[in-house]
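These notes are about the structure you will find just below.
Going by the order they are written in, the chains are A, B, C and D; count residues from 1 in each one.
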Amino acid sequence: MKKYIQDLQVVNKMILSKEYYLLELSSNQPLPEVLPGQFAEVEITGSDTTFLRRPLSVHDVDYDKNTISFLVQIVGKATKHLANIEVGKTLNVIFPLGKGFELINNSENALLIGGGCGIAPLLYLARHLKKQGVKVSTLIGVRRSSQLIELDNYKKYGEVLITTEDGSEGTKGYVVNHPVFENLKQFKKIYTCGPEVMMKAIAKRANEAGVDCEVSLENMMACGIGACLCCVTETTEGNKCVCTEGPVFNIHNLKWQI
Amino acid sequence: MKKYIQDLQVVNKMILSKEYYLLELSSNQPLPEVLPGQFAEVEITGSDTTFLRRPLSVHDVDYDKNTISFLVQIVGKATKHLANIEVGKTLNVIFPLGKGFELINNSENALLIGGGCGIAPLLYLARHLKKQGVKVSTLIGVRRSSQLIELDNYKKYGEVLITTEDGSEGTKGYVVNHPVFENLKQFKKIYTCGPEVMMKAIAKRANEAGVDCEVSLENMMACGIGACLCCVTETTEGNKCVCTEGPVFNIHNLKWQI
Amino acid sequence: MADLKVNIGRLELKNPVLTASGTFGYGEEFADFIDLNRLGGIIVKGTTLHHREGNAYPRMAETPSGMLNAVGLQNKGVDYFIEHIYPRIKHYDSAIIVNVSGSIVEDYVATAEKLASLDKIPAIELNISCPNVKEGGMAFGTSCPGAKSVISAVRKVYPGSLMVKLSPNVTNIVDIAKVAEDEGADSVSLINTLLGMAVNAETRRPVLSTITGGLSGPAIKPVALRMVWQVYNAVKIPIIGLGGIMNATDAIEFFLAGATAIQIGTANFIDPQVTIKVIDGVNEYLDRHNIKSVKELTGSLIV
Amino acid sequence: MADLKVNIGRLELKNPVLTASGTFGYGEEFADFIDLNRLGGIIVKGTTLHHREGNAYPRMAETPSGMLNAVGLQNKGVDYFIEHIYPRIKHYDSAIIVNVSGSIVEDYVATAEKLASLDKIPAIELNISCPNVKEGGMAFGTSCPGAKSVISAVRKVYPGSLMVKLSPNVTNIVDIAKVAEDEGADSVSLINTLLGMAVNAETRRPVLSTITGGLSGPAIKPVALRMVWQVYNAVKIPIIGLGGIMNATDAIEFFLAGATAIQIGTANFIDPQVTIKVIDGVNEYLDRHNIKSVKELTGSLIV
């Protein structure tokens, strides 16, 4: 897929919580096709200490409005800095990058599991799956209920299940403690994004249940376009760049000890 | 004099021309006494490429409003970046720094000569001299008339003379080409700030005419408080820090070939 | 339009802007962003005799105005390059230069010999300075006998233009540059990365799997400029300068300090179009200063 | 409140935060901004046997995340220090350490002897690594015999705590650190500045009067951390780490890599209160991580 480098304009910024915000950016050219699971490399200007671009998953694309949106969690200097950008300003963005999720077909069931900011790529995925006729269940795991954001958006595409570590909403515990894990075989496929330890626990369960499973990795990236070889993950075929061969991998291709 | 480090708030920003702007900053504490010719070290945040603070002369102090102002010329990254600061934001400033001009007394004549942004410290000086009863003449030299700024302010304290290199206003040529140089002896003292080559030409003429002359130097500074020894100028007593022993020097103490 | 042509020994480049090894893949990765035919040269990934998996992840850490990498020469080996990659990239109208690495002298020699047979590879860059591999690599680049052994051996089998890439992790880079000149290198390129380290204070662990890695980016520009200047004053062969070049002004600084051509590395990650901007910017600088050829800039620092 | 006390050989510091020589004057310059008595130590300006005027202006260039300096050890000589400055600063409740430089071994020795007589100077820092003076200085720090000659000579006459400041401009800093240890140094401090250069593309001139100068600031932090780690794994005497420390997190990184104490240099120019913020920040980190003493951090990197 052809990659673009464009100055996109911030047309909307929504502070969702102390930690999360959403940026909606518009292009002055028609947006190219973007697949669910793909990401972008965003230039961070005006931050004293950020040097490299930052990878962000495509959260949603609205072709009618010609906008692309990102859901960002504040974890460090760049994500904090970006939270202060004003509507009207532009961001230089390289996109769409990487390979997305492999969609399944008609009238099958898919379980989408997002941990923390890992829900970012799942919205756009859910939209595509629903369009394909897939029945989508989205399981969202957070520490405490105040971290639950955008539930209504996810509900548009199917049921939303919740776990919180402190039990303040939904099932208490980690995502794998949710009852849905007792009947994983109902799903044709599991798609997940979040902390690696969470994804590994899910992969193990999916593996045991014999359910196909794709994970979206968030390895440290310098270039995002396959040029630096910094972002590799070990696969059955050796080290592969997460930015070009991923960020989505089928767990059977990874060398995870599960 | 005690030095302060404070977050000052931008209460006014005036774009004076393509090159010049004025920042007026207020303190939430009563401003300390600031002498004409002193300067401040301003922290530059949010610029990708500026690392050190930047020295700026005190342009004026308004003790009634409790504000201090700086006249800035855009010459590079920091001065360009600072031009975009918004009213309401704060700047971390260390001030007042250095030794100021030595004032003369009652009913004597002083000639103030500013080249380009060198006029910055002269306004506050003129104000002080006038208060002392000194008759002030201010000679301003620029390339072209479009660079003339704030003339009305300077006129408050005495006559304003002008040279432009292209002859578009006042006398055509450099400051030393102004007719006032034909009768320098009328002045008890000359105060000047601007490009070094201009100040040297003035120093030579002052020397010949036997008129006392102080120059304000703009050496490259890292700390502004005498700690790094980067900003030295050669004086009759060896290398001296411009930030603590200056920025104002009497030409007789410098080792200029004049 | 000034004359941007430069000569690296017998090799003529249409302009002095090359891409640095390991930061530009095989060029193809940037085809969506720029016209690769406009580049003076493309120095492809570090290539070794045999396939290498490189170091374990994590391989990257951001640092003030720079980054550390610990890629460790991941590549599929020279045979794979010749068979699968070369055919895809040889048509670029830009000098394709292969960066050659090894653990023992014999590997360098064997790799260079294989590359010598390729029509459209006018030069190789001998990487005697990679800090990210345990054996060999930097060891050759940090001692005169080490440098001599590999350069002289490769020179014997490689008739093309031989560029030797120097390590900055030395007490005196001039000594190594002189060895390269004496052993018949056509040019030297400098600098490779400075050996550095990053620590995560919260996890109390090193950021890189290898603990230490190679520092690149604007942070190292002052060191790179100094070394180019020192080497320029000591050897006669052309110098290809690199280290932290982000824009045309940086490139000009390297020319003034003594570089005949420059390479752009880390900057490609931040702006994949930077190379073209530098070419255009150098041209604009020359025109503005009324300088006819970029060659006039080399070493023209007024001191 | 964690225990911040550290021992540099026989010298106990109330906390591990010192100021780096040449960046903090004699301390007095910062008296308006911080309580100097809170510092673990103040390392004063490079002091030589005789008065030195230093290098010509310009002496400074800003660089990406750093700066170059070419001060060249301007100071009024050790006698002036003893007579005029020492009396003014000796009452600070903070270890006052004098950084000693010279062009020949005899100068180092004579300077150290004079300082040995001062009650309130518990240590000297031997600067064998200044890149900004023509003779001596860095030359001693870049070869083992050079380092040995000056360290052993000074050790003979100086009974106090002897800290040797190492140059990063070497192929192998471990070799020099071992010499320091073998010759009886009580500690090593590292790193001094990296030799760098800046060019003004428009004027086509070097920015510094000396063409090259010393690079400091965050740009060099990765190199400094790496060297601290290498030296920590090779010698037993305490290490004082420095190079680009801007905040408490940076300081923690140096402790983890092997430093017993740290120095803050260039950061003082940007924030004259940074030292106090680092002391408070280190304390906060220790409390948050439930670590009783900062000593536990030294070299505790999990690898």
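As a convention for this text, contacts are C-beta pairs under 8 Å (C-beta built on N, C-alpha and C of every residue); 3 or more make two chains touch, one makes a residue touch a chain.
These numbers were taken from a predicted model, which means no experiment stands behind them.
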| item | value |
| --- | --- |
| Mean-CA-position distance for chain C and chain B (Å) | 47 |
| For chain C paired with chain D, centre-to-centre distance based on mean C-alpha positions, whole Å | 34 |
| Averaged-CA centre spacing for the pair chain B and chain A, given as whole angstrom | 55 |
| Rounded Å distance between chain B and chain D, as computed from the means of their C-alpha atoms | 36 |
| Residues of chain B touching at least two other chains | none |
| Chain C, residues touching no fewer than two other chains | 61, 63-66, 217 |
| Arrangement of touching chains [line / ring / star / complete / other] | ring |
| Touching pairs - complete list by chain label | A-B, A-C, B-D, C-D |
| Footprint of chain C on chain D - complex, ascending | 61, 63-66, 68, 142-143, 169-172, 194-199, 201, 203-206, 211-212, 215, 217-223, 225-226, 229, 244, 249, 252-253, 256-257, 285, 300-303 |
| Residues of chain C that touch chain A when the two form their complex | 22-25, 29-30, 32-33, 45, 53-54, 56-67, 69, 71, 74, 217, 266, 268-273 |
| Residue ranges of chain B in contact with chain A within the complex | 45-48 |
| Sites on chain A touched by chain C in the complex | 2-5, 43, 49-53, 94, 219-234, 238-239 |
